[in-house]
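In the two assemblies presented below, subunit A is common to both, partnered first by subunit B and then by subunit C.
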Partner chain A sequence: MGLLSDPNRRRALISLLTRLNTPICIVCYMAGVAWFMGLAFEPFTLRTYMSENAMGSTMVEERFPAGERALATGREFSAHKKRTGGMPVEWLMKTMQAKGLEVFTQRFSRTLPFPDENKERYMVRGTNVYGILRAPRAPRTEALVLSAPCSPGDNNNQAVGLLLGLAEYFRNQIYWAKDIIFLVNEHDLIGMQAWLEGYHHTNTTGMDWSPLQGRGGSIQAALSLELSSDIITSLDLVLEGLNGQLPNLDLANLFYAFCQKIGVLCTIQGKLQRNDWDSVSGYSHAVQTMMLMVMKQASGRPWGDHGLFLRYHIEAATIKGVNSFRQYKTDATTIGRLLEGMYRKLNNLLERLHQSYFFYLMPSLSHFVSIGYYMPAFGLLAVILLLRALDLWVQLSTPPQRTEDGVTDIEPVRGTHFKTVADLLSLLTPLVISHLTGVALYMLPIRFQEMAVEHFPVSETEAVVLTAIAVYTAGLALPHNTHRLLSGEGTEQGWRVLKLVAVLYLAVLLGCTALINFSLGFILALTLVPVAAFVTPHVPKVLSAFILVILSPACTLLFSVFFFQELQEMPISFQDGWLLFLSVISQGILDHSLYGSLVYPLITLLVYPCWLLFWNILFWN
Partner chain B sequence: MAAPLTLLLLVAVTVRAALFRSSLSELISERVEVVSPLTAWKRVIEGLALLDLGVSPYSGDVFHETPLTIYLFHFLVDYAEVTFMVSVAGSSVVVTYLILFQFRKQKFALEADRYPLDCLELIRSPKEMYYIPLKVAMFYLLNPFTILSCVAKSTCGLNNAIIALFILSTIKGNVLLSAIFLSLATYQSIYPLTLCAPALLYLMQRQYIPVNFRRASFWWFIVQYAFMYLGSLFVIICLSFFLLGSWDYLPSVYGFILSVPDLTPNIGLFWYFFAEMFEHFRLFFLCVFQINVFFYTIPLSIKLKEHPVFLIFMQLAVISIFKSYPTVGDISLYMAFLPVWSHLHRFLRNIFLVSCVLLACSALFPVLWHLWIYAGSANSNFYYAITLLFNVAQILLVSDYFYAFLRREHHLTYGLYLKRKDGSEATLVLK
Partner chain C sequence: YINIYSGHTNNWAVLVCTSRFWFNYRHVANTLSVYRSVKRLGIPDSHIVLMLADDMACNHRNPKPATVFSHKNMELNVYGDDVEVDYRGYEVTVENFLRILTGRLPPSTPRSKRLLSDDRSNILIYLTGHGGNGFLKFQDSEEISNVELADAFEQMWQKRRYNELLFIIDTCQGASMYERFYSPNLMALASSQVGEDSLSHQPDLAIGVHLMDRYTFYLLEFLEDIHPASKTNMNDLFKVCPKSQCVSTPGHRTDLFLRDPGSVLITDFFGSVRKVELTMETINLTDPIEQLESGELQKEMHTYADQLPVSEIIHQKPKQKDWHPPDGFILGLWTLILLVFFQTYGVKHLKHIF
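After this line comes the complex of A and B, so read on.
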């Protein structure tokens, strides 16, 4: 506690921190970025290992024989799907009943706030079909879920076939201690949302669904299967769920262990694992894999049907079959055996998966970076904000020079009081106006779509996105500096106080975001921290305004779109990138209103107003 | 003074009324930071329902309010929101007047020229003091902690009002009312018992009774006060007994406060320790933790013998940090006093650090709660870490104020610009 009590050492430390503030900030920023890039370097990461004792050794024997028959069922399903022009509910119910499951259906309907142009849907109406295999060995208090989406077109028929094949095979085994629920959901995530809400008796998004007639125990784990061809070359594991939530790492470990055992090629983010970590290309491969995970997590949207399970405390992942014309082929029987093995292991669970990590990044399927390793990267960025705040505090608390000696007259006292009121007002007005702009950005796009469609030649979706962009830009032009009316001119004191508030606000905001969704917090910190650190009313206006706009949340999103495409090795032209950017905004708004994703309200209600405060400081005088 | 205060009250009431009507109020009333098992409105409703059915409200393990509170709400249940607003507004007005009164007295200190000359800038000018009561009211009425606590209808607001009335009557010098309100506050939550030390010191100072153990007048005054205090406590307890017809409430209220059976997480220090502890150490550590709350009374009253009002502030802070079921409502009461000590600001050392930590912790509470309870990805250690940090920050805040107060006293006696023997400028070092 010497530092807190000894005035001399405190003074020395504080003067060091204020004198070297800028260099320290720059070093911290570099160190933060370097640390983050270092995370993908293999010697700095940990090997994945199975933490859960109940799933420890791979002592199960997989015997699933009926891959070909499953594919035939898949073809039959496809034929019926084509005939009914949607989900073949009757046929599915009959087939599931024939396999000996308890079969139930759930109807749901949902009108989207505006048409989804990516998936071409507006009024969604559908049916989920699920069959429950009751556990013969134990009281039916726990359950596992295997789901396959019934997608439009020719996709995922094989997944449904394999699901039915596995159901038939599982039915004949006697070792199940947990109910197994086989779910075929229509309209991918919307159907999944309806089913999960029905299962847990909640209604968070105002969707219409019929209550579930049959129910198993509390769900312990879930896998969602996506297969679109008879023969696949590799399996891809998708982990990122709603709001960047990830399942327990043991689920990924389990998948990896079985892929190794059975000899299936497995990928994460579509990237195979490489062994040459010490070469440049090997390292950049790992960086690419990790960055893809960061980008996907930061988007806050569910990247597979499993994404919504995580909200209910259920560990879930999506397994995607990929056919990429490699030499190495895997047939449906092998995938069936892999799933059988995983379910038998999950069946052995005594508690929910909790032993392993929940916060991690994966540069490859066999290596991971845990929260203790990646948080310092964020911490180094956040500490810049605190250093700037300290600097401002010191500047504010030491008046430039003291002229009057001790004796305080009544006049100056009244003056200072008036000044504090004016200061308070000049602090409050920008805060209030920025937040009102944020609220407008949050509310107006959906409210105004009808009016916009009437008056302008645009579709509803375009109307929503363009209104959002218009409000965003209008926020920049708003006269925030009403203090000029009050006190003539912005004072030095005034902007310092405002900046102190804004910097602390940003620090707390980013800290909270990084705890819930590290990737989002880190990306925002990467762009917003430099803005927060350098902006003052005295820097060259035009250049700084340009930099500020470049580093604003919307431009960050635009760059992220291009960067994401680049990472996926699908570079696009600026024109396409812009269109993609627009569709990403509409998807973000839809994700918020359909599934309750928090990214859109976070950006509009908190991050954008905070950025506006810095904008405000730039134009203080 | 009255006009700004009225405006402030209007603003405060509007904010609360708006929040009462919004969907947020339900969310807020579920937060563990805002309501404790003692003060939750939900439990009061449960107790009222049991009372209406003719069952003792203390059967079962839900209701832990005192009998007088439940009978109060028996009549006021339909006007609960109004009651809470009135209690909050009332206590702020009371505190304001109290500070006004206190300062009228302090002006005498200005005229007293017993201080060295260069200390004049340490003494507040009347102009500065003029706005302090208003600032106090603002700190209490517009403090987000108070607003949350009021919107959640936590009965903590009532307890705060009683304590404010106690402080007012003490400072007005009314011995009987002071004893009565102190006994009411004790009856509500035991811990305000420690406030009897500052009350006694203050009243004796007012009546020019020296604090001297050998004087009979000293002992005589203590006996008088104790008699009034115990008498009114006895009356209140018997009244509760006659209202309910049983002594059920004693173990259910005071046993509940002292033995801490409910380990629902809150912003205090008890829950995690006692959840982790082996059962056979429980009694020992319970005693240690509870004595901890009361123990600081002795050293603090010896050190702050001359300054009972500051002692009240310290005691309130100690209680709200170390009590068994603290909520943000308790914190807001002692935070309301912070503007009173604005003359200490030049001596505060860690105020920036502490306010940053308090701010960050308040934002992190709901986030970590979400990660622990809803997302399931964090665990109780994360939440407790923040609780611990929050309390460390509070302790630093209070000890910083204590240090600043003592340092100001030191300067008032020895002069502001200390010189070493060789004539160079000296600095004070706390070791």
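After this line comes the complex of A and C, so read on.
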């Protein structure tokens, strides 16, 4: 007989499962965390390599000459920007036309759901200006995009100057097989979202924009440039986009290849590469780089203007120029040459970038870990949930040994029997109420901000954030009382069924999240899986309640904020950290309504109700 | 009796580049370099079938449009204005290549797309592209195997479509393509052995691609020194591109060739050299020229396949269909039906029918 159909063997297996459940869970958890930490260890990673044949071994001598002229253009741009107090549309249009591009503009306007205190804007109105360089001999079927944001103050002037300089140089060449679109977007991400929506004729976020008059074909790749000083010491590559989506690894490989060829210092997450992987400090450096990427990816926000392109299956990255205290400085001509080389290679593309990985983690710019290597870390954590579910299933199936009444029910109970409607209700009630609380957490903060502002002396942003925190905390009090109203004391079987449902729900939720955004799924799994595993009504209440609150999504976010600041070597005090935490919540809500980020709805509508179910189970009796 | 003269009266060349895409520029440059040499040494365009799978000269990414360079720093443009490409773009397929070799082309194919060779033709076949162990890739979508190629050459031999054939291939693992040859009078050269990659030569920093493959680059250098009166022989050709220059080991195969390679001139295949003997004496022809009976003309043991069926194209007469007796199948079917009928209804009903 087979292993599972032989009743003796099955009983032995089941008893093994129930006896060793907790030790196996603990081992799996440690193994999952150890696997994750081991990902940054260099022998376990792979060197990056160019996968796309069309971008392969060909090399071109870059000849961009006009770095100084580009910087002068940048200074002119800055002067005009100061004069108009925003985007100097006429000057930009005139300059781009003088360089031989087809110039178009797009107006957009958007009222944010509540004022954004980080960027100090509420009713946003702006104009995007873009010029199209038509390929001299090719049909207008494909395009590449080079963009620079028009930022207030003294930021990114050199980026726009370099963009215009490159436009002029590119216009004089005849070897372009794709149209190149030079875009200067206002109000960074909001302008970029308006432009992309206009380009692709979609309207997903309810923004108001004028249709685009000129188009260039389907966009194959895009680069966003951020350069705020004349001389730089290193170039930083930013990959993380909206909802944790990453561009194809070939784009990072291309950047790295050119950094090596031209001899510019290149970083990722602002950290340089180190060669001493076998020393403790070398390893911790790699871990820090990888953790920064994990944190940034988990937040689900686009970390550069490129982040919004990824949703349209356009591979995009942001290149930031950094000026720090190093001896070796790079001038604008060299950066121009690097970009020229990258664009010439992208010009050779015949299809969209698809040969390399879309899901990866990078402990350094020259090494990567692909999804096949990092997913087992999450898998080990998910296995704990499945083991717990099996354990509960077995417990529910064995006949209950009632010693008080003396009447034992020997009839084997296969699964759960809802003998009365009350049983079913006692299961459904926590579910429904948790989810309603989640919906309240999702909708109330924005809806009732005016009411809150009337009654309390706070600004709208603070009102929204504080309402969110209030609903979250209220949720702790509300659900666990209801089932008492319904059926008095909760039954032993009742909480087991609820826990089984909750554990499976959490497993599915985390699994789906990890597939799309591994970092978010893993971080949530790290904190929620222990909660799911150990909570029962019989553990010590006060201690468990404390632990549960510490491991809840909101506290995870608070700790992540402090951890993130530590990783970036800018540790902050508790007050600053708390304020940062509040602004992170408000940014999360804004990202959701402005760009369609899914982290906020995921946490409020799905993760928080799931956590409330466990809270419910803790207070079952 | 060792034949040292080849006995050919005309020369043909079939030059094939099987790769498309801009980064395979070097394969087109390879083929055009051989085309240039072959044309320079005398083979006219009417006797060259040139197949190029992609248009590099007019590719949007070419910084020097209408040119294909084979030397870096743009010294030698092999495209020019007198290049006649017979099969271009998507017409370069395995099927078309095999049809050219065997002559099985539809009647509407123009002369320039046909290999109208006869039993006194020496043919040069040059293939380049991406290959592997036993196959050559055409156009990124199909392959020709060494078995197919060997069978095509056998068909050519049986149809008396060549006198001697020189086969040169410049791909990775090229030697595998001539392993299966079994027809007589074939000589083969390849740029690399099985398990080795053929490498490309130099990238051009302005165009941004590799311009040529190493083997063909040194082959071209070798051929530039050949002129129609050269007496250089095949043994020198086998020495082209040793391992120090090519990194891969070029290979050759001469066991099927009836003559000694040392007595085979390069111009036997690469040029179209007419054997002209000048004489100052008068030659007496038999006088008068005898008229043969019409029946005696059929002295040839083999008949030629009609390669250019002009009569069919012009006259388009419907062919008479011969009467065939009914198939055994139909006979059998009727027998079965009759048997079943008689079994069911009994033999006594036979009298009702007859």
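The rule is simple: the second predicted complex is superposed on the first by the 587 of 621 C-alpha atoms of A that agree within 3 Å, B and C clash if a C-alpha of one lies under 4 Å from a C-alpha of the other, contacts with A are read in each partner's own complex, and residues count from 1 in each chain.
Rule of thumb we're sticking to: a residue touches a chain if its C-beta (ideal position, glycine included) is under 8 Å from a C-beta of that chain, and two chains touch if they have at least 3 such contacts.
Treat the numbers as computed from the prediction; the structure is a model and nothing was measured.
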item: Contacts of A:245 with subunit B and subunit C, given as first, second, both or neither; value: first
item: Partner with the higher number of touched subunit A residues, subunit C or subunit B; value: B
item: Touching partner for A:120 - first (subunit B), second (subunit C), both, neither; value: neither
item: Subunit B versus subunit C as contact partner of A:61, first or second or both or neither; value: second
item: Partner chain(s) touched by A:516 [first = subunit B, second = subunit C, both, neither]; value: first
item: Which of subunit B and subunit C A:174 touches, first, second, both or neither; value: second
item: Touching partner for A:569 - first (subunit B), second (subunit C), both, neither; value: neither
item: Where subunit A meets both subunit C and subunit B, residue numbers; value: none
item: Residues of subunit A that touch subunit C when the two form their complex; value: 53-54, 56-61, 135-138, 173-177, 344, 347-348, 350
item: Interfacial residue positions of subunit C with respect to subunit A in the complex; value: 21-23, 58-63, 65, 203, 205-206, 208-210
item: Subunit B - residues contacting subunit A, complex; value: 118, 120-121, 125, 127-128, 131, 349-350, 352, 356, 359-360, 363-364, 367-368, 370-371, 374-378, 396, 427-431
item: Residue ranges of subunit A in contact with subunit B within the complex; value: 4-8, 10, 245-246, 310-311, 313, 352, 354, 358-359, 386, 389-390, 393, 406-408, 410, 413-414, 417, 504, 507-509, 511-512, 515-516
